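What follows are several structures.
Common to both upcoming complexes is chain A, partnered first by chain B, then by chain C.
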Partner chain A sequence: MELDYTFMIETFYKVWGGIGTTLGLTALSLLIAAPIAFYMAVLRIKGNLIGSGITQAYISFVRGTPIILQILLLYSLLPSFLNVVVKALGSDFNVFDSVDPFWYAVVVFSLNTIALLAEVFRSALLSIPKGQLEAGVSIGLSEFQTYCKVIIPQAMVVALPAVCNITVNLIKGTSLAFLMTVKDVLAIGKIAASYGYNYIESYLDVFIVYLIVCTVIQLAYKFAEQHVGAFRAGA
Partner chain B sequence: MLLSIKHVRKSFGDLEVLKDVHMDIEKGDVVVILGPSGSGKTTFLRCLNFLEKADAGEMDFAGMHIDLSHPSTKDITAVRKKTAFVFQGYNLFANKTVLENVTLGLTTGRGMKKADAEAIARDALQRVGMAERMDYYPSKLSGGQQQRVGIARAMAVKPDVILFDEPTSALDPELVGEVLKVMRDLAKAGTTMIVVTHEMKFARDVATHVIFMDGGVIVEEGTSEDIFEHPKEERTKKFLHRVLCHTYE
Partner chain C sequence: MNSTRVFDPSMIVQVIPDLLSYLDVTLLVAVTSILLGSLLGMILAWARTGHHRVLRWIANGYIYIMRCTPSIVLLFIVFYGLPKLVESMTDYDINDTNRAVFAIITFTLLFGAYISEVFRAAYQAVPKGQYEAAVSIGLTPFQAFRQVMLPQATVIALPNFGNSVINLLKEGALAYTIGLIDMIGKGNLIIAQNFGAYGVEIYLACMIVYWIMTTCIAKGFLRLEEHLDKGQSLRAKNPAQAKARILPVWKSVPALMRRIQRQG
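Then we have the complex of A and B:
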């Protein structure tokens, strides 16, 4: 078997160009999901019956269905739904032509990440001993202040390894965005390959790009954990 | 009267742990609460600053009259700002350095400027002999050192009264002394303290008032001489005999 190295190197740069889309999708989804997930975690811990019930139903819906199905379903549903809303508002904005599918992908991956992060945040917050809150209020801090200054910073350190997992899985998961015609790393590789049937070269490029990105992200998280977790005994 | 508390009741489910407990404290008093485990002394202490909510009772403290069964958030905050608590398990803020542990109640809790708070914290840490470890995280300290920081944290907010919940019970025996010494110094300096403890020598030497609790009631109270030399109640005598002679039959 002979690999076409010239093609492979050329394509590598093309594929590498898709990294903005992949990372942008990942970062946006995480940023949108994090505050909502945190709020859901608090609702569940506080035992707010309605909020807790809705959150739990939502989490089991997301966990109980394959992400590819969520993508296909929302990609069929969202544009039509948006179209109805836009029409009802009396605008002549054309949803089907003017909305970049990237934004549908952001919605799908955000919705998915919310459910995963909510559980991570909940267990992280619950892992902080009750005495920390008691100590805070005993010296005149409000519960809210104690959460902001003491409990949340500690819980975030606990959550970091799981958040790293979610991030790396999200980076890999965004490759499914090509189903929504988003031109991410994988989509660009596929398109480049299809001109001359150089699939192996192209897929190897994609493989290397994902490997580099995920390795860098994991190292970054490890570094962050060492930095913000310096207060722990083992650190 | 600095603090007066009456008719405190508290149940956990069917178990009544406090049955009509009362206490009066003058400024500068060192009240030691003794009693076998399960007698309700820790619960009583925790009810004083609302870490535990009493089912009934009244409190007069710093010009406030509070119904303990229905305290307003404002009352709870006011009481907590005028008291401090030293925990059996230290409960230092794990993500804060020793210095930050002591300043947090001043800066975040009371809006004090950082520099002023640090000056007070340094002084408090000096007094407990922990000034050298200001930049350490609690995980790097021994139990005795952590508890001394816990006491400095309580002192720094200049409370009207400091509540101590078995401050030496979680310590290795050789570390108990350093913590008790700090507490003796505090008492000597005129700090008002309520101490739940099993340290009989400390109680005998330092307490201005000793309360013996058993089964959720105050069985007997008086000066340390009253309780240790001339106990009247049978239950007090038995308890003292048991802990002082170390006969655990």
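Then we have the complex of A and C:
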């Protein structure tokens, strides 16, 4: 098979330029999702029947449906919905032209990540023995303080490998943002590909970029794990 | 985009029969990929646990690369690259092959990598003494593997296998991007017929179908797990009770279906 190597190298730099969008989308979604997911995890552990039921249904629905459908649904729903809201507020802001699809992508991936992270946080919190909470309270900390200073730091260490998996999956998942006309790595590759029908070269470029990004992220998490897990080394 | 039209819930119910008639394509792709992928996964797991260094290295590399590749990128590479590769090697044009074939190849490659990890972990979770004990009482290594290691590893692998199956089913939804007319492909056709209207309702209908499928699969695997768990874990019921219900898998699945039906 003949590959057009000059095209491939040229495109590689172009595709590499999309990495900011991909990583920005991933980081923003994670940052938005983490606090909400944590709240949901707490709701599921000690919330009342209704709160925990609703979160459970949400988590089950998000985890039980393909992300591509979530993207398609929200991308056909959000703009019109936003338009109605803006119109109701009496503003003549044009939603369809002036909102960058990047923000719709942030909403979709945040909503998805919330459900995944909530499950991880819940099992991480449950893995901390109850004695830790009792010990914290018995030496005079409030329950909130105990959570912040004793339980959460330990739970985060437990959750780290799973969070690494979620991050890698999210990076891979953001490749679907091209359906929302976001110019991420895959979208740039796709545009370059259809320009000269060099599909295979340009998708191979995209493939290499993802390989590099995922390797770096995994190494970073491994490094973090070794550092924050230091207290467990003696155990 | 039609922003004045109100959301029409009755449309969801209306399109579901239409969508369900294409469910077989979705399921065909998923089931074939799961079967072929499990085979590939077994080979990879065997290579990884074996003593041959080159094989181990290849298997590790393959699994690592697959874990880092978005499924849609792999799908595009297979869909555009494979016909070119085959043509350059054999002068045979496979461009007109059914698109389901490309989807199946892609998801087999992916599923094999994911599932080999599950198989390997499950196999290594069975204590080695079990194998040694089986060989020491005169079983051949293959018999020991087949009759002692495999049944125990199956129970351990089951929860993760179920998860991987559900993930594959969800990833299979990507197949419409290469033009396969599966359930979502059909949904998009209906939307196109209505000049872009009813997008929200049709996508919601697809999601409901997927949600029901994944929930049923998850429940089914849970039942199967309880069923195959013969007193090893804490969850297992009274061994005597469990023993009375031991059935081979090919008998236990229909029995399970009957039980689910009876419970309504």
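Methods note: the second predicted complex is superposed on the first by the 231 of 235 C-alpha atoms of A that agree within 3 Å, B and C clash if a C-alpha of one lies under 4 Å from a C-alpha of the other, contacts with A are read in each partner's own complex, and residues count from 1 in each chain.
As a convention for this text, a contact is a pair of C-beta atoms (placed from the backbone, for glycine too) under 8 Å apart; a residue touches a chain by one contact, two chains touch by 3 or more.
Bear in mind that the values here come from a model prediction, so they are computed numbers and not experimental data.
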Partner chain(s) touched by A:V157 [first = chain B, second = chain C, both, neither]: first
Touched partner set for A:Y203, first chain B, second chain C, both or neither: second
Chain B versus chain C as contact partner of A:E134, first or second or both or neither: first
Partner chain in contact with A:K149 - chain B first, chain C second, else both or neither: first
Which of chain B and chain C A:F93 touches, first, second, both or neither: neither
Contacts of A:F223 with chain B and chain C, given as first, second, both or neither: neither
Per-residue touch tally on chain A - higher for chain B or for chain C: C
Residues of chain A contacting chain B in one complex and chain C in the other: none
In the complex with chain B, residue positions of chain A that touch it: 129, 131-132, 134-142, 145, 149-150, 153-154, 157, 230-233
Complex contacts: residues of chain B adjacent to chain A: 49, 51, 77, 80-81, 83-85, 87, 89, 91-97, 104-105, 108-110, 137-140, 153-154, 157
Chain A-touching residues of chain C, taken from the complex the two chains share: 1-3, 65, 67-74, 76-77, 80-81, 84-85, 88-89, 166, 170-174, 177, 184, 199-200, 203-204, 206-207, 210-211, 214-215, 218
Of chain A, residues touching chain C in the complex: 1-2, 60-61, 63-70, 72-73, 76-77, 79-80, 83-84, 96, 168, 172-173, 175-176, 186, 193, 199-200, 203-204, 206-207, 210-211, 214-215
